[in-house]
Structures are given as C-alpha cells and as structure tokens.
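One chain, chain A, links the two complexes that follow: it is found with chain B in the first and with chain C in the second.
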Partner chain A sequence: MSLPAELPYRHGKPLLPSLMARLRRVNVYTFIVTSVFALLALPLIATLFYALATRWGASLTPDALTVKWFLELWTTPRFLAAFGRSLLVAVGALALSLLLIVPVVFLANTRYPRLDSVMNGLILLPFAVPPIVSSVGLLQLYAGGPLAIVGTPWILIPTYFTIVLPFMYRALANSLRALDVASLMEAAQLLGASPLKAFFLVVLPNIRVGIQIAVFLAFSFLAGEFVFANMLVGTRFETLQVYLNNIRGASGHFTSALVITLFVFTLILTWLGNHQPAEQEMPADDPDEAQATAMTDGLPGPVPSADPEPRHTTHQSSDSAPRGDR
Partner chain B sequence: MSAAFKRRLTSPVMWLLPFALIFGAFQIAPLVWVMISAFKTPTGWGLANFHEIASSAFFRQAIWRSLEISFMSSVLGLAIAAVTCHSMHRCGPRLTRMMIAFTNMTSNFAGVPLAFAFIILMGANGMLTLMLERFGLLENFNLYSRTGLIVIYTWFQIPLGILLLYPAFSTLKTEWREAASLLGANRLAYWQHIGLPVLWPSLAGTLTVLFANAMGAYATVYALVNTSYNLMTIRIANLVSGDLFLQPELASALALVLVVILVIVTLIQQWLMRRSYHVTSR
Partner chain C sequence: MLAIDTATTFDSQSAGGLLTSALRERAADQHYLKLNGLAKSFGKTQVFAEIEAEIARGEFITLLGPSGCGKSTLLRAIAGLNDVDAGQIIVDGHDITSLPPQRRGIGMVFQHYALFPNMRVAENVAFGLRMKKVRTEERERRVSEVLRLVELTDQAQRFPHQLSGGQRQRVALARALVVEPQILLLDEPLSALDARIRRHLRDQIRDIQKSLGLTTLFVTHDQEEALLLSDRIFLMHQGRILQQGNAESLYTRPVDATAAGFMGHYNLIGRELARPLLGYESDSPRVALRPEALYLQPDTSPQGQQDEYANFPTQPLPDNAGPGCPGVIRRHQLLGNIVRYEVDCQGLRLNVDVLNRSARQLLPRHLRVMLHADLDEVQALGGNETAATSQVSHG
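And then the complex of A and B:
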C-alpha cells in the first residue's frame, strides 16, 4: 500500500467521516462545560507558564522553560519561615478547634438535641459576618488591656477556630449522625465502660475518618486565609499569604512560583480531604455524592433554601458552602 | 480520681464552657464591640459617625462601588454557573465529575494568589491582554478598573455558584421535560412554567450568598489595587490599620453599614421566598 492511500484511514474506517461524527457528538452542553472549565483554568495555566519561563518580555511565548524560580523560592529562608509559621498557626488552630468542637458535637448529637439547633444557628455567624468586620472589633479588643495579643500568632489561633467552626461542626455532626451513637454508648456502658471511656474508645475511633476529612479541608482553607493574618498580625508574624502580598515588588516569575506552590499545597490537602477511605454514607463515585464532600470545602455558610429537595439535606451539609474570597 | 472530680469530668458544662468562652471572645465580642462603638462619638453617644459617612462623597462612593461590583459579579457569576450546571447534567458523567473536582479546587484559589494570577494573565503586560490586543480584540483593558474588578470577582463567583447550584439542578427530572414536551410545551414554556419555578428558591439563595461573598471580599482587591480603588472593605480596613490617623469608631460604623446591607439583602431574599408558592407547597 502506498503511503498517501493509508493516511486518511484508521482501523479501516475513513478518518474524515469518523472525525465529523465525533464532532457532531460533541454537543453544545459539552462545549459549554469545557469552555467554563478552560475559563477557570486560564489564570492558573498562565501563572504556571510564567513560573516556568526564564524570561517573558512583551512577546506571546516565553523564551525558554526552567525550574530555577521554584528552586530559588524553595531555598529562600523568608519563604520557608513563612511556610513554617503558616503550618504552626494552622496546626494550632485545628488542634484547638477539635478540642473545643468535638465535645460539643457529641453532646448535641446524643444528650442535648436542643443544643444542636442552637449550634446550627451559631455557626451561621462566622459565615454571615465578613472577616473584615470581625477584625475591626478584634483589633480594638485585643490591642491592649489584659489580653494584648494583636500582632502575635496567639490572636490568629482562636480567630481561625471561629472561621473553621461552621464546616468542622457540620462535617463532624454528619459523621456522628451516620453512626448510631446512642446504641454504641449504651453497649459500651453495658459492658462496663464509663461514659468518658466509651467516648474515647468507641465513638472517637468510629468518626476518625470524618475528623480527618474535616481537618484536611479546614487546613487547606486556613492556608489561604489572608484578611485576619494581614489585619491582626501582618509582618510581625509573616504567614504565607502575607508574605506573598509583601513581595509584590519581586520578580513576577518568583511570585508565580509561589502562587503555584500555594495552589499545589491546597490541592493536595483538598484531595486528601476528599479521598479519605469512603466512610458510611460518602461514596465519592456518584457526582451527586462527590458534591456532598465538595460542599464542606472552603468557608461554609448559609445557603438560604438552596436545597429544594429534602434528599440532599440527609447526606449533605446543605448550609455549608465555600466562600470565594477571604 | 476522686468521685467529685469524676463527676465534674462527665459534666456537660465543663465541656461546653471552653467552647462558649472562646467563641464568645473571638466571634461575638468583636461584633458586639463594633455595634456599640459605631455609636460612640467624641462627645458621647449618637449617630455622628453615620452622619459623617452619609455626608461624605468619598464614603458614599465606596458604598456605591461595593454594591455595583457585588451586584454585577454575582448576577454574571450566577448566570454562568446556572448555564454550566444545566450543561453538566446533559454531558458525560466523566466531564461532570472532573468539573466538580475542579470547581472545588478553584473555590479554594482566591484572595492574594488569585490577584497575582490575574495580573499575570490580564495585567497591563498580561498574556491574555497582549494576545487580545495583538488580534485587535481588546483595547485599553485595565485590570485595576471597575471592569477589571468585575471580571476577577466574577471569576471567583463561578465555582462557588456551581457548587451551590449543582444539587438544585439534579432535582429537575427528565420526565418533567418529556411530559411537558408531550403536552406540547416548547423549551421556553418548559423553563417558564416548570424549570425556573422549581429552581427559583435555589437561584435566589445562591445569588444572596454570592452577593454577600462579594460585598465582604477584601483579600483579592487589596492585593490587586491596595487601597487605590474605593470599596467598603478597603475603607474599613484603612480606618483601623492605615498609615494615616486611625478612626476605629468610624470603621465600626461603616462595618455596621456593611452588615446591615447584608441583613437587608437576606431579608429581601427570605421575603421573596415566602411569596413563592413552591416553598410552601413542597
């Protein structure tokens, strides 16, 4: 067979008609979703390319590709210090949050059902009040007096507790609800365990996955927090986001490398949070169900009546939603 | 362990108290402080701070611009999100799953990093700016202007809108569309009498959330224009942490105005919800 005759054929089928058929199958809906996907990906892709370019003048394409900006970033002491501080604050805030929230969730879902409805009202506050409003009050309350903690990480830890509270509470309440806690506690106590022992040895291990999911998602959310970090502490305890803002004068390639590093970091955390070994009611294969875990991501808050069907309220924190800017 | 200590350890108050203390001190107290100090004036108590805001063209401009950008970006974001959600239910499950995972990621990509990404993409020497200018599709685009801010706000509203609206769109049953078309309804009639009435509560709810999200947004715009674009959040921040003289009471008053706007928007949405028969009939 001669080469030209072979070109337009693939698996014996004429290439052109098969291409046409494929194009026809790409319906308008696929086109729309793909376009929005591309639109959302555009800033990220641009930043990634910029971070990998040696030099990019007023031309359409970079001169050459390199990883030197990443290497430079990862060996900059100021970056590493900021990274460490961010981790420290986030770990502190998450430890405090678990310590404070777990008992409340447990009591609200076992002994005091009325506490649960009170909590569901309270957790709307951190979402409804913009961080900038809270920080006006925090700055005045804790700048002086007996508790002068403005400018230190000590103000960030409890403040971060308040902003992760809504979705941490919802995530933990959901995983507790999937468990028959009352029977578990009863069984443990029948076997001679004290309520405390029953809680630590029976209930806690059973909601471990729920806790892990909540922690990873809260972590990725806190890694992106800027408003409180900048307003309450700023350069006195420079976290990653504040550092990024402060090096605005640096090379664009360098800051791009930092942006990509931050994105990959939150990406890994989000991924870890959404891909925990499937627990009880959360199979992530069905897109509808994947949504259930997706909803706990980011800063949660009220979606007034945004769930028109009761089916969704059963497995999904219908009042949790991410928040775009923070 | 003594019996008394044991009893105290199992007492619910002991477990609830730390939570209540920290939540009170770091969430409720700041809000209460803002509410009180907003009415504090150099000579005592009164509405002087609010009077100053109302009579200053500068503050009025900040409020107006915040409302304008928030409204435009939430309506645009909602429209794009709604069309996307509708399409996601009509295209393959693989693409849908990918899209959900991706919106989930991008909803976390906000604030300062987003502002930098947009500077690289659409700044004065941004890749997209240069490309579009070369093809003659764009002239004098300024990322640091009203249009630029609406573009970037809309960008971060889209993923949020999709995540909030997606479950609502799955309640639209294919059977309804089939039944409607069997009864002779065209697409327009279907959406007018079935689709939109069913979705309406979710659309209104999502719009409210998006609007509130934009009104409270600070990180993105601060990283993008620092304090040079006049918005409510920028003004509030500048009044408590700026380089010039600080006016915490005035900041409190402006913050209270922001909170009141958000409350009013939520109340309007709730009022509209009550009027929609679908909520009561469900």
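And then the complex of A and C:
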C-alpha cells in the first residue's frame, strides 16, 4: 500500500483517514454490487462444485473433481427426452403467444388505446393468482367440454401462454411506445403501402429487438417451470423440472449437474437475447453543431463519425444506388 | 413501354429531370384541389366545419391558426388519415373523399419526421417507389436525384438516428417528393427545428416547391412562416376559415378583431377611444391599427419636455396623418431591429413600433410625446363586440 509521501507530514493523523476515504470512495458501489452478486452466485457456485465433486462429505472442500456426473447426465435418455419435451412445450407456447400477443399489442397501441389499459390489468392476473389455484381452475376448464386436454401435454401450451403473457405484452408494448407507431403507419400508408404491408415492412422490423428480448426472457422462464407441468400433466409427460423432481432421491451430484446444465443453457439463451440487439445498433453520433452550421451555409455536412459504411446489408437494391453517383 | 421509359430516363439526365416533367404538366388549372363543405367532429367537439376552398395547381397554401383551430386535422383529412363527416375533397376532378390514404397520391411531411428507423436514408426515400413496384434501376436513379435535390447525397447510407433534425426533415421531404405526389402536405415541418435550421429549410422548401410547381398545403402557427412562404394564406379560427388571401391582404386588411389579433400586433381600439387619435368618429365599432402605422413626435405643447427631445428619432409624418394625440411612454420592448413602445394616450394603451436606429434614440419612460396615426392604414372592423374597451393585442 503506497501513499503519496507528503501526506503524513501535512496532517496530524493522515494515514488512516485518507486510506478510509479512499476505500469509501472506491468501494461503495463495488461493495454493493459484489455482495449482491455473491449472494446470488454463491449457491450456484456451491452447486457447480457439488456437480463436479467425486465426493463432498465431511470436509470443507470436495475430495476431488470430476466431470463424470455431467457425462452420465448427458447420456441418460430419460434426461434428453425430458429436455426435448421442455423445449417443445416452451417453443409451442412462445409461438402461440407471439401469434396472439403481437397483433393485440399493436392494435392496443394504435387503434384502440382503451384496449391497452384493459390489457394492463389483465396481465397482472397471472401474478395475482397463485399457480396452484390457477392450475386447479385449468384442470376444471380442460377436463371436459370441447377441449378435454387434461393429462395431455397440449394443456401446457395454453397454460404457458398465460404465464408469458405479462412478459411478452410489456416488452412489446414498451418497444412499440418508443417507436411512435401511429405516425410510422401513417407515413408508410401515404407512400402507398397497405396497412398490412406497412406493419410487416415498417413496424415489425423495428420491434424485432423487443420481440427477441421478450421471447428469450419468456423462454428462460418456461424452461424452469415446474408447478403447472407437475399438476397438469405430471409423470405422463415428464418435462425437465418434473424429471428433476422425480430423481431428487437419486445422487445429489447427478441432480446438481442437471441444475447447472439447465442454468448454463438459460444463461446462453439470455445472453443471446440481450447480446444480439446490441450488435445491431449503429454507432450513434449526435448531430453536432458543426454539421448544423455547415447545413445552414448550404455546404454538405461533414461526416461526423469515422465511417458510415454499412455493417450489414438489408436491401441490396437501394444500398448500391446512391453510391454510384458520388 | 420501352420507348416511354427511355424518354423519361433521357429527360431526367439533367439534375432537374423531376422539375421539367412537372413544369410541363403545369397547367393553369385553377380548381386543382377543391374542398367542398368539409366538416368533422369528434363526439360533440366540432373540429372544423364549412371548409370551402379552391386551390390552383402549383399554389402554395398555408393553413395558419392557433393550436387547436383544426388546421392539422383538416390536413390529415385531406391526406385520408382522418375521415370527414361531410363534404368532398376533389383533386383534379376526381372525388378522393372515400379513398384510403395509400391511393390518394398525396405526399405528407410530419412535424416529427416519421422516418423509418430500420431503414437507411436511401431506403426510406425508396420506400414509396418500392410500393409502386418501380424497377430497381429507375428507383435508384430517382432516389439519387431527389437526394441531390435536398442536398443529402452524402448521407444516403446513414440511418435516421445518425442525422440532425434538419437533415431528417429533408429526408422526409425527399421521401414524400420522390413518388411525385399530386399534392404535398406539410404538417408543421419546421416546428421541431431550431431557428437557423428552420430558416434554411424554409427557403429550401419554398425553392423546391416553386421549381417543381407542386401544389402544397402547409400548416403552421407561425405567422412569419406563413407570410414568407405562401401564395395564399387561409387563416383558421375555431374550425373555420376566417380569412383567405395573399400575405399582404391578410397582414394589412384583417377582416375582424380575431384576424387582427392573430396577424401582426394590431392595436384594437373602440370607436369612442379612437376619436382623439383619428380626429373623427369611425362608423364601425372598432378600428385596428398596426404598431408601425403609428408615429411618435416630440410634444410641442406647453406640457412638452423640450430639453428631452434632443435625440428624438425623426420620423417624417405620412401625408394623411391624424391629429396629434398627447401621450406618455410607459415602457419599451426591444425586438431587435424594432423598438416597441407602449404609449399611454388618454387612457388608451397603444403599441408603437419605431425602427431601432441607435441606442441613443431610445425614449425614456414617462416622456411626453405626440402620437399620430396614419389614417390610410386604419382598418375599420365590424363585429358585435362591445366597443367601449381598448385592448392591446399580442398576436
């Protein structure tokens, strides 16, 4: 620990206070962030080590490390089948939600503003009603009548739809709100696009990032869903979480490996969901004063950033056009 | 088919390809756009009613009025973005009242640009042509031509968020122009821009409109913009067209107190109070006088403060000047090249504009002066308002 040499002479008791000040200044935020992170990560790290340990009994640290639990898990057909089922149900539910929610969000934010407030109330319901309660209701609803799908895996798709509705709706509504959709639709229509074309060419590409985030968020959530899967279908359609529950009596190392696998899988998905949009963002350079001045003088504005070269090409046709006559 | 294509391509080799074709089409069609008794209400609120107008091809019309007067809704109705409850919109002899916006052949520029964020400048501009299924080469040629027209060739590959406000609005303008609309609508296109860019773009819009001979409707609440740009101004108030005419007639001959209140900074004076200033009693209940039609002179009567008049700004009186009305300077506002004095003239508070020639000529508060009106510029106003009050209007 090296401090400036003159400090001890200038102050009476300089060393300790200045050190503390320094610690306080540097570490207040780091401290909070680190401790929160540690709090969240510690159980996970412990699980990871347990999954990697040959034996972890009386000692403070594992006896030895091994990947045999992971290898065993990844080669168990029952695990792979459960994993596949979880994926299938989640993807099905997400497809259904996108199909239903995107049009609703769009209409609520353009033509029927009142629908938005109705939806905002509606999307709280899945939070307000405990899963146990709603699963009993769902059992009743789907036990008979035209849609007798209790006990079949199909029941999970509409059920999961209700779970992801809040995430999806909010994420999509936010990205639409940031867009001023109404004006964009109007502009596109005045340029000759039908409403449907305007939606697909102008609105959808602009909320793609929002859709991505919503989908990945919802997917990670669904991959870990247990209550509904267990209550509504149970052992007849073993999803990942149901499988985890069923083998809880078996080796703890084995189940730990499962948890870590699921976590890493979700982590990758979340990372994909958050990372992809960042990549598409263009280098944002504020329209600076110099440019504006040049414009008023009727001069072509200077190029503010290093290079406005396109990183990717969306439409080859219009892309090459103005380049030719430069 | 081929022959026509070659002809258009050939003719558009020059930078003004767009221009000449439009100029050729320009006929003396006085009724190019007709609005017949348009009316619209939202629930019980009437937005506009009894809108009658005939607009010639190539005319630049400004809808001027305070916010909430229905001018934007009227513009949107013409574009097809709002429906109307009654009346017809006729363009070039065709009734377009019930057509959807995409089939009206109308271009529009919005106040907040409404550029497509996912598309580059060139793609934004090409959008309308893509919708019309214009062939790729033709499309590229027209896009680059119109980008040159708005001086944005270098920005073609940028995204809207990389541009300044003025540049964005020029992209929006290019996007509307490239499809060669029958009518161009501009909904307060300059309001979101800062003063310098606004002036520049204002002139640019006027130049392009003139050279293309494009029938244009421009909505604004800024009377200066309206006066500078328009062939004719439609002054709107509470959903009706209050007065229409060219800039000069609107500015110098307001039809009533409301029009006078919105244009310039008219002094509205009741009949009795105006009498000492005019020297006669007006027939109408109210008269309106622009601040620049009032003249200040030193007060030569015994009450005058002779030693204070050394630096008095000399103003030759007009030929038909009214009798002097003694007054006292209450305060002044510096408007740049103009000093606006508020003069108390026997209970009347009047705005008087004097050219700001020199700081030494500023008249101090409480100075006694003589006030003369240019009687040729006195506007007699009708209206049934009680004429007993005087009012200084701030347009």
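Note that the second predicted complex is superposed on the first by the 235 of 326 C-alpha atoms of A that agree within 3 Å, B and C clash if a C-alpha of one lies under 4 Å from a C-alpha of the other, contacts with A are read in each partner's own complex, and residues count from 1 in each chain.
Just so we're on the same page, a residue touches a chain if its C-beta (ideal position, glycine included) is under 8 Å from a C-beta of that chain, and two chains touch if they have at least 3 such contacts.
Keep in mind that what you see is a predicted model, and the values were worked out from it rather than measured.
In the superposed three-chain model, the partner touching more residues of chain A is B, compared with the other of chain B and chain C.
Legend: residue contacts after superposition of the two complexes on their common chain; A:Val91 is shown touching neither chain B nor chain C. Of the two partner chains placed by superposition, only chain C is touched by A:Leu184; chain B is not. With both structures placed on the common chain, the touch criterion links A:Val104 to chain B but leaves chain C unconnected.
Of the two partner chains, chain B is the only one that A:Tyr50 touches; chain C does not reach it.
In the superposition on chain A, A:Asn206 makes contact with chain C only, while chain B stays out of contact range.
Once chain A of one complex is fitted onto chain A of the other, the partner contacts of A:Ala193 are limited to chain C, with no touch recorded for chain B. Under the contact criterion defined above, the residues of chain A that touch both chain B in one complex and chain C in the other are 194, 287-288, 291, 295, 298, 301, 303-305, 308-309, 321-326. Chain contact summary for the complex, chain A toward chain C: residues 179-180, 183-184, 186-194, 197, 201-202, 205-206, 282-285, 287-288, 291-293, 295-296, 298, 300-301, 303-305, 308-310, 314-315, 317-326.
The touching residues of chain C, counted against chain A in their complex, run 79-81, 100-104, 106-108, 110, 112, 114-120, 122-123, 126-128, 131-132, 136, 139-141, 143-144, 147-148, 151, 153-159, 161-167, 172, 175-176, 179, 194, 196-197, 199-200. Within the complex formed with chain B, the chain A residues making contact are 27-30, 32-34, 36-37, 39-44, 46-47, 49-50, 58-60, 96, 99-101, 103-104, 107, 111-112, 115, 122, 125-126, 128-141, 158-159, 161-162, 165, 194-196, 220-221, 224-227, 230-231, 234, 241, 244-245, 248, 252, 255-256, 258-259, 262-263, 266-267, 270, 274, 287-288, 290-291, 294-295, 297-298, 301-309, 312, 316, 321-326.
Across the complex, chain B meets chain A through its residues 6, 9-10, 12, 15-16, 18-19, 22-23, 25-34, 37, 80, 83-84, 86-88, 90-93, 95-114, 116-121, 125-128, 130-131, 134, 153, 155-160, 163-168, 170-171, 198-199, 201-202, 204-206, 208-210, 212-220, 222-223, 233, 236-237, 240-241, 248, 251-252, 255, 258-259, 262, 266, 269-270, 273, 278-279, 282.
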